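Two complexes come next, and they have one chain in common, chain A, joined by chain B in the first and chain C in the second.
Right after this comes the complex of A and B.
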C-alpha cells in the first residue's frame, strides 16, 4: 500500500488543480493524461505479455469512430461508450485469434498491418464520412474553461480506471500468467497456462482502455478523420512513453507520458516546422541510451557509466 | 483488356520488387526491420528530382549518382546509429527505425516542402505499341532498370568477396568474425546497399508518379508485402513478390477503384503474415 501513497497524493493534486490553471496548461495536462491512459493500456499487452502491439492505435481510432458515428445519429455521449468499447474488444478478439499466434517481428508488423488496413477501410466507408472525416456535436458548457475541465476529468477517470486495473493485474494470477508468457511462452504453456486465451484477453483489455480514450478524444476534439485517429505515430509515442517510464510497471507509463508529452508540447509550440525532427531524435536516443527506462537509470544513483553500459549491451 | 492490365501490373511490379529487395536484404542479414525504408525511397526520388531540375540529367541516367548518395547515407546511418542498438529487443529496433522515418520525413518537408512533385520527362505519357498493347516508356524503362539492378545485386552477393562476407555474417556471425569479417562494417555495407536500392527505386518511381514526403509510409508497407511474399533476404523472391503485388494492385485498382487498392494490399499483407510468414517461395534464404 505504501508505494501507492505518493501517486495518491498526485491524484489529489490533479483533482484540485484545474481551477488554478490557464486554458493552455489545462489542455496540455489533458493531453498528458490521455497519453498516460493509452500507455497504461499498451503496457498490458506489450509490457506485461511482451507482445509488441505496434498497431494499438487501431482501437483508439475505432473508439473515436464509433462515438462519432453514434453521436451523429443522435445518441448522447455516455451512451456511445459501451458500443465503442464492445466494438473494439470484439475487433481485438477476432483479429487477435489469428494474429496473436505470430511472435516477435511478425506480430508487431501484422498489428501494424491491421492498423493501416482498418484505416484504409474507414477511408472508404460512407457512414464514417470516408476520407473527409466526421464532425461531432460540440460540448456545451458555462464557459470554455468549464468545458476544458469536463474533458480533463473524463480523461482522469479513464486514467484512474486503467491504473486500478494494472494494480489488480500486478498481483493477480492473470498478471503472473502474462509475465510468464513474456519470459518464456513455451514454458508458460507447459506450466498449464492457456496462453492463447491469456494473450487474447490481454489484448482485449488493452483495446478496451484504448477505445475508451478514443471515444473521449473524439468528443473533445469534435472533428476526426482517418489519417489522425489511425496515425501509427500515436502507437509509437505510446511505446516510447512506456520505454521511458519503464515497461511492465504500474506507474512507468504515466512518468513516460509526462516526460515525452511535455517535451513534444514544448518543442511543438516553439519550433513547429522541425517538430518531427526533434521527435525522431528523441525516439532514437531513447532506444540507444535508455532502453530500460528512466526509473532504471536513476535507481541506485545516476552515473554516465550506466548510459555507456546500456549502449555496450546492445551494440555490435 | 485483361492482358493490358496484366502488362501494367507486371511493369509496375518490377519497381515494387526493387523497393522490396533492399528492405528484404537488410531484414534478412541484420534482422533490422527498417521502417524508414519508404523515406529512403522518397529521398532517392527527391535527389533524382534535384539533379533533373538543376543539371537537367535524365532520371534514368542519374540512377548511379542517386545510388551512391543513398549508399553513403545508409552506411553512415547503420554504422553510427542503428549499430548502437542492433541487439536490442525487436520492438526497440522497430521504434528506432520509426524514429528515423519521422526524422527523415520532416527533414524532407523542410528541404522540399510538402508539395506534390513529379519529374516530367520528354517521353512521359508516350508508349511503345507492341502487338496492340501499350507499354508506357517510363514504366517499361523502370521495369528494365529494376531487372538489371536485381541481377546485379544477385551477382554481387554471390560472386564478390564483400557479398560473400555479407552472406557469411547472415548465416553465422561468430564464425564470420573468426574468419576475419567485421560484422559492424558488414552490417553498414548491407544497409548501404539496401538504401542505394531504395534510392534507385525512388528514381524510377519519380518518373512514374508524383510524390511527397508523406507517401513513404505506404511504400514501406509495400516493401514488407514484397519481402514477405518472396521470403526474407531472397533476391529473386523479392522480384517475384514485387510482380505479384504489382499485378494484384493494378487489378484491384481497375475492378474495385483506385481508393480500394490500399485496402486490398494491406489486407493481403495481414493474411500472408498469418498464413505464410515464411513467404510463398518457402524458407528463409539466409540462415
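Right after this comes the complex of A and C.
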C-alpha cells in the first residue's frame, strides 16, 4: 500500500491543478495523460505478457473512428464509448487468435501489418469518410479553458482506471500467468496456465483501454483521418515510453510518458526535423543504460557500478 | 499392488523419419517411484513431453487413471495433477523464488485462486524444499542446485498426484544429490507417484521401485533395480556388445 502513496499525492495534485494552468500547459498535460494511459495499456500485452504489440495504435484508431462515426449519426459522446470498446475488443480477439501464435519479432511485425492493413481499409471506407477523414461535433463549454479542463479530466479518469487495473494485475493470478508467459511459454503451459486464453485476454484488455483513449481523443481533437489515428509512430512512442519508464511495472509507463512528452515539447518543437534521430538515440540509450527503465533508478537507487554493469551486459 | 495411475499403450513419436519413441507400453502404479533410464537419445525426455502434452503423439494412447490424456492440452494435464520438472531448468526470471512457486499454486491442481492463499501455500513448499531464506530473492541470482529445487518446488505447488522428474540430479554434487534424493523420498511418502528420468545410476537404483530401460526409442527392459542390473540387453545397450560377450564367457 505504501508505494501507492506518492502516486496518490500526485493524483490529488493533478485534480486541483487545472484552474491554475494556462490553456497551453493544460493541453500539454492532457497529452501526457493520454499517452500515459495508452502506455499503461500496451504495458499489459508488451510489458507483462512480453508480446511486443507494435500495432497497438490500431485500437486507438478503431476507438476514434467508432466514436466519430456514431457521433456523426447523432449519438451522444458517452453512448459511443461502449460500442467503441466492444469493437476494439472483438477486433483484438479475432486478430489475436491467429496472430498471438507468433512469438517475438514475428508477432511485432504481424501486429504492425494488422495496423497498416486496417488503415488502408478505413482509407477506403465511405462511412468513415475515406481518406478525407471525419469531423466531429464540437464540445460546447463556457470557455475554451472549461473545454480543455473537461477533456483533461476525461483522460485522467481513463488513466486512473488503467492504473487501478494494473495494480490489480500485479497481485492477481492473471498477472502471474502473464509474467510466466513472458519468460517461458512452455514452462507456463507445464504450470497449468492456459496460455492462448491468457494472451488473448491480455490483448483484449490492452485494446479496451487504448480504444477508450482513442474515443476521447477523437472528441477532443474533433477531426480525425486515417493517417493520424493509425500512425505507427504512436505505437513506437508508447513503446519507448514503456521502456523508458519501466516495463511490467505499475507506474513506469506514466514516468516514461512524462519524460518523453516533455522532451517532445521542449526539444522537438525547436528541432522538428531531427525528432526521429532523438527518438532513436533515446531508445538505444535506454536499452543499454537502464534496461529496466527510470522507475528502477528511482526505487533501486542510482549507482555508477550498476550503470557500468548494464553497459557491459547490453552492448552488442 | 495398487492400481495403475498412468498407463501408456503403443506410445509413438516420430520427428519426420526419426522414430524417437517407438510403440512403448508402460504401467505406472499409484504410490511408486518409477525410474526411466537409457543412454542419450533413447527418447526418455520425449516420452515425458508426450505424457504432459507438450508434444503431440504420433500414435498410441496415454491414460491417467481411466481418463485419456493423450491429445489434451498441456495446461489441462498439469491441472489434472500431473506435474513435471525440466532438465534444462526453466525458472521464471525477473520473479522472486516465492513468486515462481506461487505460479504453481495459482494454476495447479490445488487451485488457489486468491493471492494470499497462493502465497501461504507457496511459503509452505519453499520451506519444504529448503529455500525459505532465499524466498524473496530474484531467481536470476541463484545457482543450479537452487534452481533445481525451484523446479521441484514449482512442480509440487501444483499439488500433483504424479510428479515427473527430468534429471533433477544432473549437475549436482554428491552432497546436494543426497539432499534431493531424501526430498524425493519424502514427497513420495506423502502419496505422490514419482516418475524419474535419471542418468545417475546411484540415484535411480537407490530410489526406484521399478525401472524401465529405453534404447533407441524402444523399451528394452522393465523390472526391479536388481533385475535391471542383471539384464543382458541393458548391459549391451549401456556398455556395448563386446563387453557383454566378454562378461558372458568369463
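The rule is simple: the second predicted complex is superposed on the first by the 294 of 316 C-alpha atoms of A that agree within 3 Å, B and C clash if a C-alpha of one lies under 4 Å from a C-alpha of the other, contacts with A are read in each partner's own complex, and residues count from 1 in each chain.
The working rule: contacts are C-beta pairs under 8 Å (C-beta built on N, C-alpha and C of every residue); 3 or more make two chains touch, one makes a residue touch a chain.
This one's a predicted model, so the numbers in the text were calculated from it and none came from an experiment.
Contacts of A:233 after superposition on the shared chain: chain B is touched, whereas chain C is not. Judged by the number of chain A residues each one touches, B leads among chain B and chain C.
Of the two partner chains placed by superposition, only chain C is touched by A:172; chain B is not. Once the two complexes are overlaid on the shared chain, A:34 sits clear of chain B and of chain C alike.
Contact with chain C, but none with chain B, is seen for A:194 once the two complexes are overlaid on the shared chain. In the superposed model, A:180 lies in contact with chain C only, and not with chain B.
Interface residues of chain B facing chain A in the complex, by the touch rule stated above, are 31, 33, 81, 83-96, 98-107, 109-110, 183-184, 187, 217, 221, 224, 259-260, 262-263, 266-267, 269-270, 273-274, 277. On the chain C side of its complex with chain A, the touching residues are 52-54, 73-76, 78-79, 83-84, 86, 90-95, 99, 102-104, 106-109, 113, 115, 118, 154, 158.
Chain contact summary for the complex, chain A toward chain B: residues 46, 52, 54, 98-99, 101-102, 104-106, 108-110, 112-114, 116-117, 120-121, 123-124, 131, 232-233, 236, 239-240, 243, 273-277, 279-284, 286-288, 291, 311, 313-316. Within the complex formed with chain C, the residues of chain A that make contact are 171-173, 176-177, 179-180, 182-184, 186-195, 248.
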